[in-house]
Amino acid sequence: MSSSYLLNRLLLAVPTLAGAVTITFVLLRVVPGDPIAMMTGPGATEADIALLRAHYGLDHSLLRQFVIYLGQLMTGDLGTSISLRQNVGELIVGRLPVTIELVLFAMLTAVSLALALALKGTFWRGRWPERIVDGFIGIVVAIPDFLWALSLILILGVAIPVMPIFGRMDLTISFDSWTNFYLIESLLRGQLEVTRSVLHHMVLPAVSLALPLMAITARVLKSCLNAEMNREYVTLARTRGFGRLRVIYSQALRNALVPATALSGVQFTFLIGGTVLVERIFGYPGIGNMAIDAVINRDLPLIQGLVLTFAVLFIAVNLLIDLFITFLDPRLRHD
Amino acid sequence: MIEGRADLPITYRILHEPRAVFGLGILGLMIAVALMAPWLAPHDPLEQDLLASFLPPSWQESGDPAFLLGTDTLGRDVASRLIYGTRTALIVALVAATLAALLGTTLGMLAGFYGGKTDMLISRAVDIWMSFPAVLLSIVLVAVIGAGLHAVIIAIVIIDWTRFCRVIRAETMVQKERDYVASGITIGLTRFRILIQEVLPNLMPLLIVLLTLEMGIAIVVETILSFVGLSVASDTPTWGNLIQEGRQYIHQVPWLLGLPVACVVLSVLSLNALGDGIKEVIDPETRQ
Amino acid sequence: MVMNRRSFLQVAGTASLAGGLPLAFSPSQVQAAGDTLTIAYNVSLPSWDPTTGLSSVNPGLQSIWKSVFDQYIDQNPDLSFKPGVLTEWGWNADKTRVHMKVRDGATWQDGKPITGEDIVWNLNRAANPDSGNPVGGLIWGSVGNLKANGNEVTGDVNAYVADFFKWMAFLTGYILPPHHYEKVGAEGFEKDPMGSGPYRVVEFVRGSFVRLEAYDGYWGGKPAFRNVIFKFVTDATSRVAEVESGASDITLAIPFEEYDRLKAKPGLAGVATPVSDIAMIFFNDTGPMEDANVRKAAAHAVDKDTIVNRLLRGYGVPLHTLQAPEYAAFDPTTTVEYNPDLARSLLAASGYSTDNPVRFTIQTTRGYLPKDYEVIQAVVAMWRKVGIEAEIEVYEVAKHYELRATDTLAPAAFYNWGDSIGDPNDSTGFAMFGPSPHSTWDTDDLDAMIGPLWGEKDEAKRIAGWKAVDKYIAKNAYVLPLYQQVQPVIYRSNLDFTPHVANYVLPFTTKPKD
Amino acid sequence: MSSALVIKNLHLTIDNPKDAVPILRGINLDLRAGEIHGLVGESGAGKSMLGRVILEILPPRAKITEGSIDYPTRPLPGKTKGRSAARHRPHISLIPQDPMTSLNPVKKIGKQMSEILRLNQTGRARNMLDQAESLLREVKIKNPARVLQQYPHQLSGGMRQRALIAMAFSTKPQIIIADEPTTALDVSVQRQVLCLIQDLQKQHGTTILFITHDLGVVAKICNRVSLMHSGMILEQGNVAEVFCTPTHAYTRSLLAAIPRYDRPLRELTPVAESLQLQLQREARAYDHQRRN
């Protein structure tokens, strides 16, 4: 595979990241108000405030602050959280596995459901079940993730309480995690009771996140599949003994995935963004939940670190999507 | 067979596309409700009556016919608040979507038409923008600007112009290759004039589709911001505020949450349907 | 309402029957582990240092800290004081020296005994401005030259603060183990906290939960529950779902409607008692508020009884001063009557009416306190009827602190004033004294009245002085006290839970019912 | 000579929301085993649709309203009524018009060929690739081993068409529908491909329905020919007969339109508009008559 292409994409990500850093920094410095005054709370004297201001480097000029910040970033230092009084990098690294597991699980759910829907919809092309699939997709797509979260809590958490609606696992089970990747780690260590509990807790938040992505992906994939089904090579395959379902998944699918992935790729980053609200609602201890607290507490270093983390995640997901497309379509590899 | 219908005027075809008709119908209803809110609403949406709080809808046993859909915790008329909420939702949707479209389209056209450095600069900016999580960014933005209708609109515009920019840029690049642009240049029109007089009208259908979809997004964003408690402050009734308020009493008075949620879902659904319907009509690719 | 609740349940019940789904999380099945108490808590713990930073003066966090750390002095549920780590304390006769005695046999959670030196270290640290104790200068700095002699600690009074010892049971009045803290440092302490309280920290996931286990060497005895989990559920609706589904045993700070509903459910019990928190509206001495007529009208126009009885469903105690009935300087004779006609005529005297209303901004939090935003909406509606047109601005409580510290609050600002030691210094005193960093109203007349009370060493005279100040404030409407908060707590009915006026939910005193 | 395929009075319409448009109007066609049968007509005559009817790959809204298709020589005739048409289909295969769009762009040639082989016979994957290689050699591809490892976009148009021809013959079909197989190719390649089809047909004894609009090609390789217009077959017969003694005015006019070295260019006459209109009128009259 062309490593130069990969390298090119990686290089392109650098200025994007640099831009993200700059914008985050500037955006948060134009905040009206004094983060220090808020951080000290009632009772701080002028001297206390000045002391803290110096401690956080806020007594320098904006440009100077930026240079200092960049310098710290280079050494991997994201600063110290104001409200949580801990190294921002450590805080984020501690919580990131939670969000990553949730996001991956949600994406997996979304993609498998979307595949099933799109394939079935295509299989039923031009017949009434296709209309049901289309209608279902159309309704699901109109409801944002956090409304799903609320509805799911109401239905499966309260009305028929079969699902846990808060937290990451049953806290009566004790699990001393080394990596904070509970799901993967508990599986590897064979503590299936933990795996079960983590999965159980993950279902509702993951489904809330997954449904909108599922709908939009299914819709895009289905229309790409429809376009693909009209192509000559598919017709030809039908004449050569490929069954109606088989021709869809063995011939059309991979081709349809190329434009579908390109079109819905950005939706995957929306799912990651969705964790902010959904983690909040389910009390899921990931970085999304932390982000809202950071905004509420006006914890500048933490907000900065989190926004940057999200940006890195987004860029990484976009790179992966590019890679996936190149993997799918040989024409892109040989150009 | 099908080509025959392509000759019909576009408005005719839109009016014969069921999804577009559904979307237009609901949108029209929303606009009518928003415009006539003062006459439609049976009460002042801010008028409180602490002695008459949590009245159920009027058809229920203990309901009061004066309050069609019941009252909330402060004894305000839910129906009137929903009606005035439609107003806010429409204002946010229209203003935010239009401004985002204006910004995104301008930049997208410039990038797509002039290419080169302009394109690189704008595309880069879009890439950077897209690398921020929209929800977090809007929360941060509103926290920075301060809650209020204007803050919600500004946040939506700042975040969502990229949606327009990306698509319009790509479409402008396609249009640029068309014959009419080349012939425009040969007859001596300036490039800017071609962009405005020739390319722009050809982008319009696509733009309208994007605009309807964005209106739906804007309504959702307002709900999200209200949900986090950062949207329009003061008493202004918005669907988001109603959802946030209703959520607290979900067990006692489920309709306080259900009604505004239904409004949001229905309006987004109809705007999506309208966008899809128009796209279906104007987009030859999907017309088979 | 009842109808709907019932039909809602019916639908739910039918649905679950139809689906044949097991009620996996019904209250009876969970909590098989009988030695674990799970509390769905409303505030997320940001730090393990209860003595520094903004969070240390957040009343909402004290329950967790009190489970892990000892306070110098403890409080009974009725706010009266009782020995904590200190068994004796006091001033000498002319109040120039302080003395304290450390409890025998009290140990840190690593088994080391708590010594007089440890107390000196903690008091010095609290007084040191570099440590970041928010009340270091005001309270802890008021004594100095501390000396330890075995279990005895003595020190000099730099400036007499009447409620110095009361603060030892209040915000930032905790002791940390010096040997451990100096070993691990401030950041290390966050990861490996240690106290001398009834429970030690076993596992802490920021923003999610903390798991505690009983410390066997605790001087106060063995708690009924060996394991305690505080889940940080900041969303009220989620907290309701937590206890309702049985995932948690106790929760607090839920909407009163939900409290009423849950309390009636089999398997759950509830208690709602007044706590030491006062909902009030700060007036700032700017703009229209400099007009006494406007202030007085604003005070007379608010029907506190209706707000409490209807909006808060009776869960509140209308107040006219910043003193709750449990406080030392509560005076039932100081009242401000609800009289909208008087309010109208006062406004008319300044040229305002409903057609030409006086306009200003009122700031409020939303969801920080039960019904805070709704209460302000109700207040604004009552004002509107007499000729005050207030525009509501919502902010986060962090923003409130910032604005208050820089004295840039709007003319009116809603806040919750907590004073769980009930001393007038900490209610009316800090809230209304101009030079206090917490105050919003600062005018010379009031400062002149309050000033002498700070150093008043005769307790009876001091309390009488504060009562006079409260009367003066009420007459001039320098502040608008609304009501004393009631804290709704819902718990499993097989628990024996004791409410605390200081608004604590303490696992240590919670027992299974026999 | 036995028949490979017999179509009797075939009617086909396309359903629109409002009306049904007739596409084929009473087609009778008898393909004889081992012949190359030319099917000639201009665009829209319905010849490709006829090919699709035979292949059973009709678009969703197309419907056969009347008539029958029989395959007297098809192996295992009992299976025709089976639910999945796919199972018996490979005895007919297709050489498509456009080699660009007729290969799956994301699969290597070898993979595509072995997929077909595996669907239609049993055996090991390795073996399939060997078979595919020899098939490619048969269609005179020079470096078959390499081509097997290549993606369609790496091949020239001629190469792709050869690969498609190899695929068409790989299932050992009795009938092949060649739907304008040379139209999209360069002139120089066209001839080679025609020869290749002819050679392979002789070698395997396959029956070919050769759809084209080029009478010159028909003259070169076909045994018999049918002329179509407006979904009807106007004339049918041996190539020599039809070309020498055309009975239908349309055939005559088509023949007159063939550019020939012995005829000056300006004597070429396009099919007269009046004739076109007359044919369309007749088609409509036919529809009218059927409806009543």
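A, B, C and D label the chains in the order they appear, each numbered from 1.
Everything below uses one rule, namely that a residue touches a chain if its C-beta (ideal position, glycine included) is under 8 Å from a C-beta of that chain, and two chains touch if they have at least 3 such contacts.
As the structure is a prediction and not an experimental result, all values here were calculated from the model.
Any chain that touches chain B and also touches chain C is listed here: A. Greatest Cα centroid separation from chain B: this falls to D.
The chain pair with more C-beta contacts between its two chains, of A-B and A-D, is A-B.
The most central chain, judged by C-alpha centres against the centre of all protein C-alpha atoms, is A.
Averaged Cα coordinates give chain A a centre that lies 24 Å from the centre of chain B.
Separation between the centroids of chain A and chain D, computed from CA atoms only, is 51 Å.
With centres set at the average Cα position, the gap from chain C to chain D is 87 Å.
Shared contact sites, meaning residues of chain C that touch two or more other chains, fall at 8, 237, 396.
Each of residues 143, 146, 247, 250-251 in chain B touches at least two other chains.
In chain A, the residues that touch at least two other chains are 158, 280, 298. Every residue of chain D that touches chain A in the complex is listed here, in rising order: 55, 57, 60-61, 84, 86-87, 89-90, 92-94, 96-98, 101-107, 115-116, 119-120, 151, 153-154, 164, 167, 171. Residue ranges on chain A touching chain B, taken from their complex, read 12, 15-17, 19-20, 23, 27-28, 30-32, 138-139, 141-144, 146-147, 150-151, 154, 158, 223, 227, 230, 266, 269-270, 272-274, 276-277, 280, 288, 291-292, 295, 298, 303, 306-307, 310-311, 314-315, 318. Looking at the complex, you find that chain C touches chain A at residues 8, 11-12, 15-16, 19, 21-26, 30-33, 36, 38, 40, 44, 46-47, 49, 53-55, 57, 129-130, 132, 134-135, 137-138, 186-187, 190, 203, 205-209, 211, 229, 231-235, 237-238, 241-242, 244-247, 396, 398-399, 401-402, 404-406, 437-438.
Interface residues of chain A facing chain D in the complex, by the touch rule stated above, are 125-126, 231-233, 235-244, 250-251, 254-255, 258, 328-331, 334. Those residues of chain C that touch chain B in the complex are listed here as 1, 3-5, 8, 236-237, 240, 255, 257-258, 261, 306-307, 310-311, 366-367, 371, 374, 377-378, 380-381, 391-396.
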